[in-house]
Every structure is written in C-alpha cells, then in structure tokens.
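Here it is: the structure, laid out below.
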Amino acid sequence: MLRTKRAAGRMYSRKLLRREVRKIYKRWLGLLISAETLLTVRYAETDRMGIVHHSNYPIWFEAGRMDFFQKIGASYTGIEAQGILLPLVRLQCDYKQAIRFGEQILVRTVLAKISAVKTEFSYEIYQPGNEKFLASGVTVHAWTDQNLKPVALAKALPKVYELLRQAL
Amino acid sequence: MLRTKRAAGRMYSRKLLRREVRKIYKRWLGLLISAETLLTVRYAETDRMGIVHHSNYPIWFEAGRMDFFQKIGASYTGIEAQGILLPLVRLQCDYKQAIRFGEQILVRTVLAKISAVKTEFSYEIYQPGNEKFLASGVTVHAWTDQNLKPVALAKALPKVYELLRQAL
Amino acid sequence: MLRTKRAAGRMYSRKLLRREVRKIYKRWLGLLISAETLLTVRYAETDRMGIVHHSNYPIWFEAGRMDFFQKIGASYTGIEAQGILLPLVRLQCDYKQAIRFGEQILVRTVLAKISAVKTEFSYEIYQPGNEKFLASGVTVHAWTDQNLKPVALAKALPKVYELLRQAL
Amino acid sequence: MLRTKRAAGRMYSRKLLRREVRKIYKRWLGLLISAETLLTVRYAETDRMGIVHHSNYPIWFEAGRMDFFQKIGASYTGIEAQGILLPLVRLQCDYKQAIRFGEQILVRTVLAKISAVKTEFSYEIYQPGNEKFLASGVTVHAWTDQNLKPVALAKALPKVYELLRQAL
C-alpha cells in the first residue's frame, strides 16, 4: 500500500517496478523479514497541537532499525564497536493520521535496498491489531568509518553485509 | 542546485519543470522571498556519532518556517489563535554534510507551493558565508481546524492566503 | 539509600525524618506501591559524550509517572480529559553512573508526598537485576485547571485523590 | 531572590550563607560575571498542555553554560578537544511560570561554585526587559576524562581553572 501510494507520485523504471513487485510478493508469502517494535507514546513527544510532534517519527524509525539489526543477528552496537557508522543520507516521512499521547504504536521495519555503500530501510507505523497504517517512512544511509568517510560494507563487515543481503 | 539534484531522482512533468525554472529565475533576480534563520547548534542536538542527530533538522526547518510567516507579515501564533493549524503531511530531508556542536547554521526557508488545502515549504541549511548547503528539505502541510479536519485556507484565513500567494 | 545520600546534604526536620523512616520501613515490608517501567535507551537519546544526554531523564521519569497512575487505577489521559493538568513545579535529578545506547533500564516510581495542591514523585533508575541505581530524581507537581490555575485535587477529582492517598 | 526563595526550604550553614551574601553583594555592584543567552521558544519544545515541556529547560541551561564559557574566554569545544568532559552530576530546576511557543527568553548563567573536581552553575530564565524570572535552576558537574573518570581541573586545564576562578 505504501508502495503503490508512493508510486502514484512518480514514474517507475522497469527495474524499480520489478523490485517492488518482488517485495509485495514476498510479503504475501510471509517471506519478508521485518522487525516489529512496540512503543508507548510519551507525553514529551506531543506538541501544543495535542498530537505527536513530527520530529519524533524518525526517532521511532531508528528504534525500529535497531530492532531490525537485532532480528537478523547483527548487533548495531557491535557494528559501531568495530568503527563502522551508519549516518542518514536521506529521510522521508508521510504522516497519514495523528498519533496521540498514551497510544501504543507498532513500528514495522523492512530492509528496502542495499548497495555497495548505501542501505535503505522502510517503515510503517500501526496501531497494534489494525492494518491501516498511521505513518510510513524511508531512511537512506551510508556506511562510513568514524571520520564519516564512506566504506564498502561488503569489505568492512562482510558478515553483516551477508546478513543484510539475506534479509532483503 | 537542490532542485537539479532532486531532479536526477525522478522524471519531471512539464508543469513541475516550469515551476522550478520560474523559481530559479526569481532567485537569480533576488525576487524570491525567503526567511533566514540563524541558529547555534546545541550540545543536546548531537548524538554519540559526534554529529547532530538527524531528528533535529525538522525542528530547525520549523524554526525557519515560523520566521517565514513573520517575514511575510503573518504571525503563526495569530493563525493558531484563530483555530487554524498546519500539521505536517510529509517531511523530506537530505543530509549532505555533517553538522557539529557549536557551529552556526543558517536555515533558508522558501514557500514552494500552495494549493487549496496544502502548502509546501523548502529549506536549505548553510554555514553563514558559505554557498554550499549542508542539508536541504521539504515539508508538506495541510491546513486544518482544531479537530485536524482539512480547511480551505482561502476561506478560513483569506488574508494569510493572500500573503502566502504573494510570497510564492 | 537514595534518601540517606540526600540526607547528607541537608539537615532533616523531625517531620521529614519520620516520613523517610516510614517509607524505608514500608519498602522493606514490600508495602510501598511502585511502578516499574522498562525502557530501552534510544540512539537519539545519546550525545557526543557517548552517553545519554541528561535532558532525557525527566522524560523517562514522566514515563514512569504515567505507569504509576495506571498502576493505582487512575488513568492520566482520563485526568486530563476532565480538564485537570499536572505541570511540574520542580525537578531534581542526580546522575550517579552514565547510561549508554542500547541498554535496558528500569524506572521505579514512587509517590513521595501529597498535599492539598501539590504532589511529589520520586524515581530511581536501575539496570534490571542490579540493585545499584544509576540515577534518582524527584518531581514536584501542582494540580491545575486548563488555565494553569491551582486546584485542590481532593475537590476536583476526589477519586484520584483517594487512589493517590492509598498509594502513599 | 532565587536564593532567598530556596533558602526557605533548607537550613543554611554559616559558610553557605557567607557565599550567598557575597554573591548578592557582587551582583548589586555589577561585579558578577554572567552570560545572557537569548532564545526563541520552538514549537517542538511545547507539549499538549500548550506550554514548554519541562525537559527543555536543561537544554536551555546548557546553551547558557556554553555562552558562559565563551564569555570568560574559555571555549567549551576547545576543552573537549583536549579530552576533558563536563558531565552532569545533578540537575535542579524550579518552574515558576509557564513559557509558551514563540516567546523570547533570556537565560542568565552564573558560576555558582568551583572546587577541585566539581563545578556548579546557576541559571535564571527571564522575559527580556522583565525582572521577574520564569524559572531558575542549578547544574552540578564533574570534570572528567573521556572515560568519565574524574580529573582535577586545576591540573588538567590550569588556564580554564583560572578563568573560572576569576569569574566566581
């Protein structure tokens, strides 16, 4: 759904389309690896509009991303301990429905793409037990060393690279 | 620059292209109304990577947006006092270069688009005196009442609508 | 422990001392009602020192406070829905040991004091399964209406007042 | 004012009293070095109570503290560049009056105490041009190395120590 929605806004290349179709297909078959992170909305996350301030969603995505690494057997703290960082290159978030203090939310994180130096995750935020998502997002990351110079993950951390490839 | 960069990632419709060209043209002529917000990076805005955490950029964009309203003569608190809100529908941020504690940054905010119920702003973050931007972003907003139901700005706040149209 | 530690820094009035003794006594007997909130430290909560930024502790205390209300059968959202707010009057936090990204922490919240218009909570942050606490804190609150005018809780919400008194 | 207010809550030792009197005296004579930091309240800093969330005050204090270091000629980034950190040991904040979105505030930072390994700052938050303060606070810090082991500032950074002593 997220995908077809986004598709409306741009023309799809053949390659991109093929990847999207494969993803939907895998999801239907239950083969898509995803992490599910349950969070309770904090009072401090609201603003004077009475709803969650939009700057908190990327923080929730991040919590989901960390759980995704754990799920596939790659510890994010372990990665950083080896001197490899994963800063953001791009963030996108679509806000469909307001989220309020005290609500429980479920962040579903999926690995969307992986290349030599970049990795992309996509996220959907749900109310538990409700299929309609409240928000969705994408983060694109570069793998870098501690000076923020890009590194090839396959060389720097071949094991993590393999775990990610299998989770695609 | 931001625009051509983004253009690379998608195909441009004729209409979109025309708007982009007009915008670049206006900017060159110095006719584009923009707000410039000077901020000092806070320690609390950094993370353990040693750089600013990505979730702070939307907060800086917001500060820029508020200054934009002030610049065109429309007070944002005044708008909210009349029961009209401007929640986000979409956020996009591109991180070009890390930003660090203590640095001064300049947020340049421009009104990108305005329609019956939506309004789009675009942002570029600079180091003062340096033309190369460190980050750029877009926020898309819906005008709503206090129950978050969409309203037509032209009807709800005709004066604000006019000020925005003139700033385009 | 928290209490004796703090005691070192000031002279105790007889009344205060009696209350502290009763509290320690109740805790030993397992009669002290407390809420335990388990949290995982978020990446965004760290700063460039590599540890959690101190401004996040009050947010964790708040999460603990909300769980405390739930534990005694008083919903905080329910309280606000009736137009009663609980803003802070005072915050105190003691940082004993650094807390890092990815760690699990346990916030133990206790009602410390309740009077006509004020309510005080105290907090201790632990690593699960470790009795040595990492931080402790106190928040003092005023019960107010939506214009932030003080109200007497016993009159405004007698049921909530009773639930709190029993939890003391 | 802040001081006498706080004084009500505890008994004063002779030594503490003498220090407080000297401080008030210096302030009257205009000899007390203080940094004044002007900030505009951000929308993201509010919560659903419609006022600034209490967890933002320590972040404002921090901004004030950084300006204090700059004012006395000691760069905080310079200190960290030499491997010395200044984590918090204790935070205290008193909230006198709600602060709202869009308001301008002035953080007045004063060095309150300095010993071999600890340093204490005190803060008052004002509306510019209004002598009545909206909030006040204290932060106590330890000087440490990058492993968070305490260091004696006088030995580690004698020049910074001297600048601080003169600012007392």
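Just so it is clear, A, B, C and D label the chains in written order, and each chain counts residues from 1 on its own.
We adopt the following convention: a residue touches a chain if its C-beta (ideal position, glycine included) is under 8 Å from a C-beta of that chain, and two chains touch if they have at least 3 such contacts.
These figures come from a predicted structure and were not determined experimentally.
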Checklist line | Which of B-C and A-B has more C-beta contact pairs | finding: A-B
Check: Measuring centre to centre, with centres taken as mean CA positions, what chain is farthest from chain D?
Finding: A
Next item on the list: Just give me the whole-number Å value for how far the CA centre of chain A lies from that of chain C.
Entry: 34
Checklist line | Distance between chain centroids, defined by C-alpha means - chain B, chain C (Å) | finding: 39
Next item on the list: Would you kindly tell me how far, in whole Å, the mean C-alpha position of chain B lies from that of chain A?
Entry: 24
Item checked: chain B residues counted as touching two or more neighbouring chains -> 43-44, 49, 51, 55, 58-59, 62, 101
Item checked: Interfacial residue positions of chain A with respect to chain B in the complex -> 10-11, 48-49, 51, 54-59, 62, 85, 87-95, 98, 148
Next item on the list: Could you please specify the touching residues of chain B with respect to chain D in the complex?
Entry: 40, 42-44, 58-59, 62-63, 66, 76-77, 101-102
Note to self: With touch defined as at the start, can you tell me which chain B residues reach chain C in the complex?
What the structure shows: 43-44, 46-51, 53, 55, 101
